[in-house]
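Two complexes come next, and they have one chain in common, chain A, joined by chain B in the first and chain C in the second.
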Partner chain A sequence: MDKTVKEPLIHITKRRMVSKKREWTVRIVSILLALIVCAIVTAVTTHLNPFAVYASMWNGSFGSERKMWVLAKELAILLMVSVALAPSFKMKFWNLGGEGQVLAGVLATAACMVYLGDKMGNAGMIPLSLISAIALGALWAFVPAFFKAKWNTNETLFTLMMNYVGIQLVAYYIIKWESPKGSGKVGIINQNTQVGWLPSLGGKPYLLIVLVAVLVTVLMYIYLRYTKHGFELSVVGDSQNTAKYVGIKVDRVIMRTLVLTGAICGLTGWLMVAGTDHTITTTLAGGRGFLGVLVAWLAHFNPIGMLLSGFLIVFMSRGASEISTAFGLNKAFGDILTGIILFFVIGSEFFINYQIHFRKSHRKEAADV
Partner chain B sequence: MKKKLVAFIVCLVMVMMPMLAACGGGGGGEEEPAAEAAMKVGLICLHDENSTYDLNFINAFNESCKKLGVEGIVKTNVPEGQECYDTAGELVDEGCTVIFADSFGHEDFMIQAAKEYPDVQFCHATGTKAHTEGLANYHNAFAAIYEGRFLAGVAAGMKLNEIKEAGNLKGDVPKMGYVGAFTYAEVVSGYTSFYLGAKSVCPDVVMDVTFTGSWYDETAEKEGATNLINGGCDLISQHADSMGAPTACENAGIPDVSYNGSTVDACPNTFIVASKINWSPYYEYVINAVQNGETMEPDWTGTIATGSVELTEVNEQAAAPGTVEKLEEVKAGLEDGSIHVYDTSTFTVEGAALDSYKADVDTDPAYEGDTEVISDGYFHESEYRSAPYFDLQIDGINLLDTAF
Partner chain C sequence: MRNISKSFGSIQANDKVNLDIYRGEILSLLGENGSGKTTLMNMLSGIYFPDEGEILIDGEPVMISSPKDAYDHGIGMIHQHFKLVNVFSAAQNIVLGMETDPDGKHISKGKMDIAAASKRIREICDLYGFDVDPDQKVYDMSVSQKQTVEIVKVLFRGADILILDEPTAVLTPQETEKLFNVLRNMRADGKTVVIITHKLHEVEEISDKVAVLRKGQFIGELITSETNAQEMTNMMVGRQVELNIDRPEPKDVKPRIEVKDLTVRSEDGILKLDNVSFTANTGEVLGIAGISGCGQKELLEAIAGLQPIESGDVLYVNDDGSKESLIGMDPIEIDRKGVSLAFVPEDRLGMGLVGDMNLADNMMLRSYRHGSIPFTDRKTPRELAETIVDELEVVTPSIDTQVRRLSGGNVQKVLVGREIALSPNVLMTAYAVRGLDINASYIIYDLINQQKERGVAVIFVGEDLDVLLELCDRILVLCGGKVSGIVDGRKTDKHSVGLLMTKVGGGEIG
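Presenting the complex of A and B:
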């Protein structure tokens, strides 16, 4: 019987083994391709020299000592959020509540500074605000984790909802604390007394934050890689049934991991209020709760890898605002370039894990069968 | 596979080469040698040109810099947080000796920067703290925009009279609607002066006010204006920075008195007139003062006389006949002091005329009134500091919500 096999034009197979070298080749090639596409888009739409635009983007991050510190601070804060989210996602707990968890820390810190600013000095205020921020951040993540563990509620919706609760709560307190009346702004808290403000190490206001972020990242790396807890949460992520079979208490692991996530988010909120901004707004988390997910995924939950993916994001965003000033371009243009680069970087993961086969002209072989 | 990829990239690069060559000359790299010697000034903006509020600052800034031959650097989309301080620092690094900021929430971060860089002048529009902060290099500025809004109110009142005479009022008495941002003194001062302007020509007018809780929220402003229109308002004005309210008016065919600049292009049938602050006189005052080494007062209030308070051209298609002439007449009265906007004989609070009021001029968390502001028969707005502090709820104005 003459049976012709109809082969599709393209078919895709998953690669079994991917060497590190190949992985990085694909990534670097994809970034180069992205830069070329960005250059074409820039040249065609703005009639600017793409290399001048790239130079300006570079300048936005490394143009001066101050810009480097701002880059380091932004990276540190984004990295903290990503590192906080990594264990949740590794456990396949879709925690989209980073925004609310950071805001919980922000709110707790600001509340301490507003209500107790004239009652205690820094020796009491700094530990108190730190503990409150971590506790409230942890609570914000614990609530959805508890419901997930006990009644298997949908954590995606629950954590998202907690964001809105957090934002509304912050909005309420902003109106309560606003000054002058009706302005809807809290302004810098304790600007003259500086109570609750973190000290600047060696005259570098952002050094402390960078150090804390490095420390948390390294600790998280160790936690995920070398501890029993880290192992347990990855087993839960791979298969809850396997975890149950080997005697892991899944609900406890879920709650424990989320408390850790929330605590680090709360710590991040504390660093932002006590360390850098000294004020509270509903947008202080600035979307990092979602960007952090992207950063963590891109790095396959490897905290050291998050340093790279986080750097890419912060570098692009700093560059985007620099080119909007230098060339009078709308900020949206920078976002377009960021979008193109992210598209290629995320796309590269596909080419790392899968192989594309094109139809070859071997009909003869098929006929012979 | 690899070879194909390499070939593909090579192709792309080759395609790009001519493009690069073609646009290579247009880059921002070349600078004129003369620019190096020029004084540098910076402007920090909350949003960018898409906000009518920021656009008003940016246009005046660029014009003033060009006129005085100084180099201006504009930083847009700077949030009211640490970013403002960082941006101010960057402008100092780039050599600016004067730095302006345009949004109320920038104030504390500007003060923080001012403390750190005593040799640089920090000039903040709409802020309230310069006169109490005691820093030699930190200044607030505002304009007596209540005079402009009063004039805009006169135009609104005349339009209401026209509608009334034609028998087209929606209710028994003429009713205006006002979309405000917050229940903040700047907004209260604004809508009250607008109302008093209208009342001066249309005595039985009443006004509904709604608040959006944001200085720039196109959806909320549009929705607020639509609600007011559905609630029986014959005319709308607004104090928020997007095109939300003007667009809603144009769609509904309801006359609109705008703010920050003319919206006649988008709303040819409903736009009457707009009041706006012209910041150029302030920029020029500051730049000249710094160039001549003169010291500046903590507060600067522009007026109609300094050219800081302006009305746009009246849109004859929508305005009542005779508006232009009447506005000239009232404007002359404001300038020579025969008309005061907050004349205590023209309004009442809870049914009684006021002869004394302590306003919260020195900002404090308890909002305590600290300065007597009524004397000689009128409320002295923007005299004890540049930013408005009129926060009385006068009769005839109905606040629909005060959540913000």
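Presenting the complex of A and C:
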């Protein structure tokens, strides 16, 4: 009897075709499961009613009109960074320099506002700062792209290093522009004249940012999907040999795409300084250059999908800070919940693409004997 | 093997296959592309696990769920793509991952006795007539040597049943002969050999029995000495197939491409082509024969504008007789010159197509630049993809399927179909039928002949001398980057081409 042949307990096979319906069912089920696990973790570790905690998280994003605007603004900024990174990653250029590219835009905008704030009005300042921010952001991405295209340097390290260069440069100018002296900070720039500040549309300070983000997202969707440039960059991403074979100039595509990425990052930096913060700190990009990679990847580089994945991230982070104030919980607790949900969302991709077979019951065979 | 079934999603790769393999015989497993030969053998060697059915060895049901299990039962497989570590020596590769030596004695970690292993490797080599230097690094080896290492690796682990997946696809006729001798020695020693193939003359030459699979199902078993190529083909394809390749007489022959004193070095400075000169004519198939790595790839790429050259010239001859140099131009500039150059490269998914893109987008690779607006035209490539799927009988769920999910033959049909849709005046193909079954191969030969009759100058790089001799009007033989002869395909024979391929003075293998 001990010679009985046993199948392995589980074995895993890749699915061939996955229907859209199945994909979304798996995703929704995984989020529900994540919420159940979060509820258990909440109940066990904090002894709070998990539903009260969830309600409070919901309040963090939708509790008041102001909170909804903050959510929209945060989502808009994160979405812009993700959308900016999408073409790089689609081209398999591992651009980890989103942080630095945004900061470059921040720095250029702040520099215009600081140095030229008393020399021109908004009619000159807004286009000027916009162009400078886009140009400096694009330059920040162009440098690693150029080295990659010409000498095949490793873009991951290069873009990462460019972040630190950006941060140090900003730190230097913060000391230089310090106000008031000795505070170690740059206060609100042009507080009295409001030169370089973006106008608020219809009394809604964040409306402009949201509109720009929507526009950029839609344009990027069209660019990646329907243009010759978009097609070329996905060929380069999949196979450089094939690209050369059909006559695509690979180095030119790499540089062109990264300039686009950098430009949108620069634009984001401009929106942050001119649109909302009106100041400059080294942490203004706030990790969005990295978070954006996650958002873009979760959406498989589809800009419309990034709206959903971006929303999930922003919603969780707003919720996390809300529960930390409402229940006096440590901020880290919110991060734990975010982590659990992300784990399930990313894990769901595995269940979408693979099938797990458990050992079939042997009752039928037994009946035959 | 009893009632073995395996499916991948909706594809049934093996359907209730029963196969008996006897000790001390050489069995050929014959079938078209995608007929489930490799899948079946992968289940025997522990790569896949069957959905249904059981495997019995010497009458005992066994459970093989990993390659290690397979080795424990004395089964070893030599895959089409070698699985060797380049920077390791032959001996290191052979002992890699082994926890016990062949006698069952435990080798403790970090104390691998390479010297003893080398000694044993030499013994195995002497026994069967292999030629392996245990200390040679894999990156220094030719394809055939790497294959030998793979075989020794399997024997070293004590395998009694060896499975070889299309072992001759990468070998020259001479190397194939050597391999077959080794296999015969193994049979004499009582080992069992299963060889997966679709080359009929090899089946006839080496095997005792043939098992035929078609569309995942076991069709039948034949004793090799009692059958013939025609019968095997019919079983494999499922209907009567004509086994002769057409060779229409060339018409209206004029020079189209003149290559003059072409010299090319690889990036590491190795001489790949040495003063190569020839003319490719319209309405003619020019075959290029040679041991693999003798400059075939570089030659085609130099003509296509993908390979920087050191000296020499490639001239395109217009219809009016005027000549233009193509040197220094990239593929786009060549296209703008009005030279429609179709190129089916050796590396289909790595160069000719994008594996992750679907059929329609792969069609777009050649056409996406058309039109002056920045947007791509998606409709025309989709129509082209539909046409190719219909006309060349490409087996695919839809034109939205990623090409890397198709089988080798279908991938090739997609690529050849796209290139021919360019209505080229020069068509270059590299190993156009490599890995293709008989049916698909004949479709490709027909397509090539159609282009020839249209007046296209065809350059056909091939490895199967029988095919080159039947299909080509002239055959240029490359040996170590030099032209060792240009012969008339109708007047020469396999032996003389074979001699030119290994002509003294240029026999090094790159």
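As a working rule, the second predicted complex is superposed on the first by the 349 of 369 C-alpha atoms of A that agree within 3 Å, B and C clash if a C-alpha of one lies under 4 Å from a C-alpha of the other, contacts with A are read in each partner's own complex, and residues count from 1 in each chain.
What we mean here is this: a residue touches a chain if its C-beta (ideal position, glycine included) is under 8 Å from a C-beta of that chain, and two chains touch if they have at least 3 such contacts.
The structure presented is a predicted model; accordingly, all values stated were derived computationally and were not measured.
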item	value
Room on chain A for both chain B and chain C (clash or fit)	fit
Touching partner for A:Pro127 - first (chain B), second (chain C), both, neither	neither
Touched chain A residues, chain B compared with chain C	B
Partner chain in contact with A:Thr242 - chain B first, chain C second, else both or neither	second
Contacts of A:His229 with chain B and chain C, given as first, second, both or neither	second
Which of chain B and chain C A:Pro180 touches, first, second, both or neither	first
Touched partner set for A:Gly287, first chain B, second chain C, both or neither	neither
Chain A as apex of chain B and chain C, Cα-centre angle in degrees (nearest 10)	140
Distance in angstrom between the closest Cα atoms of chain C and chain B, superposition on A	15
In the complex with chain B, residue positions of chain A that touch it	29, 32-33, 36, 39-40, 43-44, 47-52, 56, 64, 66-67, 70, 175, 177, 179-185, 187-188, 191, 276-279, 281, 283-284, 321, 324-327, 330-331
Residue ranges of chain A touching chain C (in the complex, touch as defined)	3, 5-8, 11, 13-17, 226-232, 234-235, 238-239, 241-242, 244-247, 249
Residues of chain B defined as touching chain A within the complex	5, 9, 12-13, 15-16, 19-20, 22-24, 26-29, 48-50, 73-77, 79-82, 86, 89-90, 93, 104-105, 107-109, 111-112, 128, 181-185, 187-188, 213, 360, 363-365, 367, 391, 403-404
Contact set on chain C toward chain A in their complex	8-11, 49, 54, 60-63, 65, 304-306, 330-332, 335, 343, 345, 347, 349-357, 361, 364-366, 368-369, 374-376, 378, 397, 405
